[in-house]
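Got a structure here, written out as structure tokens. Questions coming.
In order of appearance the chains are A, B, C, D and E, and numbering begins at 1 in each one.
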Amino acid sequence: MLSETASLVFYTIAFVTIASAVMTVSLKNIFHSALFLILCLFSVAGIFILCEAEFLAGVQVLIYVGGIAMLMIFAVMLTRQLTSFNVKQLNEQKALGSLVAFCFLLIALGAASKTLSVKGGFPLAENPHISGNTTHMLGNLLLTDYVLPFELVSVLLVAALIGAVVLAKKDEE
Amino acid sequence: MQVGLIHFVALAAILFSIGMYGALTRRNAIGILMSIELMFNAVNINFVAFAKFISPVEITGQVFVVFVIAIAAAETTVGLAIVLLIYRNFKGVFVDRVNLMKW
Amino acid sequence: MLEYTWIIPILPALAFLIITFFTRWNEKLSAGISIGAILLGFVYSLIVLIKVLGNPEPFEISFKWLELTGFHLEIGILIDPLTAIMLMVVCIVSSLVHIYSLGYMRDEERFSRYFSFLSLFSFSMLGLVIANNFFMIFIFWELVGLTSYALIGFFYPKPAAAAAGMKAFITTRTGDLGFIIGLLLLVSYAGTLNYGEVFTMIEAGQIPTGLLTAIGIFIFCGAIGKSAQFPLHVWLPDAMEGPTPVSALIHAATMVAAGVYLVARSATVFAASDSAAMVVAIIGAITALMAATIGLVQNDIKRVLAYSTCSQLGYMIMALGLGSMTAGIFHLMTHAFFKSLLFLGAGSVIHASHTQDIREMGGLGNKMKITAITFIIGSASLAGIFPLSGFWSKDEIIASTHDQPIFLLVALAVAFMTAFYMTRLCFMTFFGKPRVQKFYDHAHESPKTMTVPLVILAFLAIFAGWVGIPWLSKGFGSFVFHGHPHHGHADYLLMLVSTVFAVSGVTLGWLMYGKGTISPDRMAERFKPIYTLLLNKYYFDEIYSAVIIKPILALCRFLWSFDNAVIDGIVNFFGRFTLFLSWLHDMFDKYVVDGLVNGAGYTIWGIGSVIRQAQTGKVQNYAIVIFAGVVVTLAIMLKVF
Amino acid sequence: MSLFKKVIDGVYNLLLGLKVTSLRLPERAVTLQYPDERWEMPERSRGIVVLLSDKETGKLNCTACLLCQKACPTAAITIEREKGEDKKWHLTSFTVDNTICCFCGLCEEACNFSALKMATKYEFSVYDQSELVFDMKKLQELGRDVPYTPRPKKKKPVVKKPAPAEPAADEMKPKAEPEKETESKPEPEAETKPEAASGDLFDDAKKEPESNPESGAEPAQKENKPDSSEDKKPEAQE
Amino acid sequence: MELEKLFAFFGDLLAQIGLTGVALTVVVNVLVAAMLLGVLAVMALFLVWWERKVSAHIQDRLGPMRVGWHGSLQTLADGVKLLQKEDITPTNADRPVFFWAPVIVYSSCFMAYVTIPWGKGLIPADLNIGILYIIAITTFTVISLLMAGWGSNNKWALLGGMRSAAQIISYEVPLTLSILGVVMLAGSLSMQTIVAGQQEIWNWYIWRQPLGFLIYIIAATAEVNRTPFDLPEAEQELVAGFNVEYSGMKFAMFFLAEFLNMFTVSAIATTLFLGGWNGPILPSWMWFIGKTLAVVFVLMWIRWTYPRLRVDHLMEFAWKWLLPLAFLNLVLTGIGYELWQRIFG
């Protein structure tokens, strides 16, 4: 359980997160969407800090805000005719889509409450407090137990980099 | 009400559903990518929350967040490259106009 | 410190890589990198030597490379006095040759490539020396052979050079075949190739003597090939087609000594098997005698030196076969110095006079003082003149043969002949009147980069032997043989005898070529058959050509014609027959099978054209189906319904 | 390796640039605080056109001959005149439109009577463009303290003759030609307007007399000497 | 440290008033933030004046001389002038974006100061991800530049914004890598720990990371869009780039943020490479500010020495030179550290 203050902070951040997420998916102006996406990602970083994952929060801001969102904005700027409000921004399956999403939400919430509320259903730690420096712990884990996935991810990143360059490069006539 | 694991999970579920809605309904390819990012983030929230509340000693969940972020970066890069290609070839980024695979 | 000894071979390897991949276009830089690497290695090997002198306990590190059922392969290094000495010798000679090459190869093409090969060779040789098991030694053995091939054929546009390279490679490979058989025998029986483990097993008597003899002889086969022993010695004189510094480095000081090193390294094997040791000694003796006799009459300065090398190697091998490892290694060391000195001096002479034939030289001593003096010092050392280093090591070898009269005789005869042909060489090259004025006029002293190594080597040729003088209480012998102190007792009679032989050889040479009292031509006339035999090197190349190469070629020709006529005929018949069958099949296929297939296709096409209406081609339509599926699956799993 | 050489060259040149700028840093500024300090204008610099008047009588030198008006390429000069009783033209109005004046100095060249001059004055900014059209009165006012060399009367060359005979004259001959005129008409304004003397001509002229100190130099030249050597003070301008 | 005492005094004072718990924390934090804001505002004003003076003297000019002693109050006067100016918003601008851009740029560069140690114990919050936090938070600058470029609805502004973003993203990579060398040596991301590792002058990381320092300075110059990397503003081509449509106080915020960013990167350079606030005799914050201003001076010196790069050279330099060099630095650091440990450790 978080403390009283932290709970307050959590509700604030959660509100910002959800509100900005809603804005992200609903705004017509895709550039504004991207800005709200940044806000959402930033508040997720706040959630990370509440969960004592400071390093991840930093990484979240650095990579999502500084990298991914920036790429989105670049793509928005490179592809014109996006902000014209006359164009329909949602496709014809919005009703069906929202239904599916809503069903998923219900089921997920149900499943969560079911498994988490029952005693003994899910083993919660007695002292939910991460002791020690998370950066060090993460580093240790990444270079010991998870070194293979770590290297694989690096290979994946290189592959993605090259792939993106190859895809986006204009054909030389 | 004090915040526990369930709250984090609920937040993640809501975020995921919003992302899912966006991914299913937005016509704009970049918008879809954004929605997918939302879904990734929902997953990340779950990871860190579980790491904190279930095994605070072994922060395995956080390790996975690192991987998810890395993969999200890769996904976005390739995705946006594809978006640019789509834009170049279809003179627009609306995915429902990209329907060469039908019939 | 010692655990980083692997740096010594790694440095030239890095130099090789850097030159090959990055600095190939900058010749000076390439040479600089190569020389720097080997000099660093030299400094480090000096440190290693000092450490080992302080504490001669063998030092070994290794790690498993491949673990198989029954045996394992490992990679590791072993530092003991033998290794330290070899490291020192290889590093010194190699660095000096590197520096010398700077001057010698100055105007050649592919200068960078030359240095990269030199670096690669240094790497392989040093690796060979510090290896701690037979497997590694074999790898580096082959690498050494490869670089030797590349360097001999360095002037590949010249057909002779290319052929010589090939000859060297194939001949040594013949020996290596034996080597690898020996290793396979060993590993199949002992389960390991690590020196220490193998030797412990042998000393404990766990390997039967017969097998051990076979192993020893097979391993010695490798040494025969690499060290140019009878009957595989034919490649070494031809290898003189390579650049002279290469001859000095590879074919005088280091690579050919690898065979000696191998035999010394596996001394335990030979110690345990008398017959194998006897084979070694006999082969060594034959080689020593035969090569020395050939050397008497050769006219190419480098060939004389090549046969001399051959003979001296035989000498060492003989000493090893007789169980005197100290003598062999000691001679190896001193020989490395003075023989590389001789080769480098010869290179200097060739560089100056543009000829290799000593009959066309003469009187060069006036023009090239440094070269002449150092060359004569080297010759004297080789001839075994007191108190130069050659004297001490040769004396050790003769001492090791003193209870075997035949070998003693051979040793003394070789000493005599060595002194004779070296004197002949010196006189014909540096003294007397110039025979061909053109070459004489052209001659000049070589640049500093060439003379400085000569001087250093001359210094070593004088003094290097003093570490092993018999009345030194803690001399070379006690050092190389840690645990079994074996210092030679000064046998003054033998010393006297060997000196007498050497001096008489020198005197004879002086009489014939210096003073001219005895005419060499008359001698040749008188012993015409022998002279011809020697001049043609006992017809070894011709014999090999007649006995091995020609029959094989004939067999090949026969097999080819058989192949052409009979086998091809059969094949062609089947081909035509198959064509006919396929035609039949084609008809069937076209009208029967295709009809069925097309019918099926049309049917499916018809069905598909109805079903395909479900495919909208819009990615989000598919996505919604996927997500709906996920939702339904989750609902079922969580038992919502 | 040409690459390494390039890199080293580049770095060297970058450092060289830094050195140059750092050496500039402690130097004194060469600019002036404009309203507080001003540069002296060179004597022959061309500022606004002024009308000159006779020093003694205070009358304009202009004879209303219209030469300047005709010479003006932009038609900035407008002259109105009328014939007086003495059958001579009299100036009634002389306007210079400074909005179109191109400061070419052709009017000055054209004038035969030292009647107008491009003064060294350059500050005439105003709030209203129409104020830039200067009338005769204003021009005369501006020209009041402008030093000038009156045009010699027709017979003057005869008077000038003795000048070259002076002891110092042989040295100054090539340069002093314009100056000789100053001898004939002593310049009353010279003391009060020393800054005018710092022009090129005077500077050059100054040196030569100094090499023969006071050896019978003319009074006019003596006057020139203190003019030029005495003063570098810029504030004397206004 | 006298300032610590001051804080303690304020803390006591507030405690006596009756503030406790959260409220006390909030009030203290707000006070600290306000102080920091004040100091930074003064610093920005000073830097603007200083830059003008330095540039003037490098060009043998005088620079501002009128307002105050040698024009020392010139920036203040400019500020007053900018405050009075009309706040123009272009007609077709994206209004909210246009409005928020300067706010975000200013606040992001202000937020970076959370983990900058001004002196011994003078750090608003010693986060254990200190330097990562700064790198992360400064990326908002890029966002705001893009927002400014987009929101202005002006092609020059958009081009400037995109150039700026591309440049900053590109140079952020070598920048971060050059910082990593120090982080490897210090074994921590915390700014205080990094400073603590450089007690004496020979412990400064610049001696062990000269290449890293060089890369950092170059990349940082590019990060803050200063000459020779000032392409986003390139007055001659883009008529001042992303802030072309801004006027009045919004422009002033961009302007001040630019100078504050310069101060930020210099402060980071000081902390990471130049020993931070460590120094003898003088109080630590004086050392910090002194060193930082020295670095700022170097940046100014560079700006007034070199001409602007061409845009393709700019990118080429970042990706083909700085990035490999930064990797090389990292590898060398690793090898060197390991060897050091082996030989002397």
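Here is the rule we use: contacts are C-beta pairs under 8 Å (C-beta built on N, C-alpha and C of every residue); 3 or more make two chains touch, one makes a residue touch a chain.
These numbers were taken from a predicted model, which means no experiment stands behind them.
Trainee: Along the shortest chain of touching chains, how many steps lie between subunit D and subunit E?
Mentor: Graph distance in the chain contact network comes out at 1.
Trainee: When you check each chain against subunit A and subunit B, which touch both of them?
Mentor: C
Trainee: Need the central chain here, defined by C-alpha centroid distance to the all-chain C-alpha centroid.
Mentor: Most central by this criterion: E.
Trainee: Sort the chain pairs by how many C-beta pairs are in contact and tell me the top one.
Mentor: Per chain pair, the contact count peaks at A-B.
Trainee: Using mean Cα positions as chain centres, tell me which chain lies farthest from subunit E.
Mentor: C
Trainee: Where the centre means the average of the CA atoms, what chain is farthest from subunit B?
Mentor: That would be chain D.
Trainee: Could you put a whole-Å number on the gap between the CA centroids of subunit B and subunit D?
Mentor: Centre-to-centre distance between subunit B and subunit D: 80 Å.
Trainee: Just give me the whole-number Å value for how far the CA centre of subunit A lies from that of subunit C.
Mentor: The mean C-alpha positions of subunit A and subunit C differ by 64 Å.
Trainee: List the centre-to-centre spacing of subunit A and subunit D in whole Å, with centres computed as mean CA coordinates.
Mentor: Here subunit A and subunit D have centroids separated by 77 Å.
Trainee: Can you check how far apart subunit C and subunit D are, centre to centre, with Cα atoms defining each centre and the answer in Å?
Mentor: 96
Trainee: Which residue numbers or ranges of subunit A touch two or more of the other chains?
Mentor: 55, 59-60, 67, 74, 91, 93, 96-97, 100-101, 104, 108, 134 - these are the residues of subunit A that touch more than one other chain.
Trainee: Within the complex, which stretch of subunit E touches subunit D?
Mentor: Those in contact with subunit D are residues 54, 56-62, 65, 301-302, 304-306.
Trainee: In the complex, go through subunit A and note every residue touching subunit C.
Mentor: Checking each residue of subunit A against subunit C gives 91, 93, 96-97, 100-101, 103-104, 107-108, 110-111, 114.
Trainee: Which positions of subunit A touch subunit E when the two form their complex?
Mentor: Listed in rising order, the residues are 5, 29, 31-32, 35, 38, 54-55, 57-62, 65-67, 69-70, 73-74, 77, 133-135.
Trainee: Going by the contact rule set out above, which residues of subunit C touch subunit A in the complex?
Mentor: 618, 620-621, 624, 627-628, 630-631, 634-635, 638, 640
Trainee: Contact residues on subunit B for subunit C in the complex?
Mentor: 20, 23-25, 32, 95-96, 98-103
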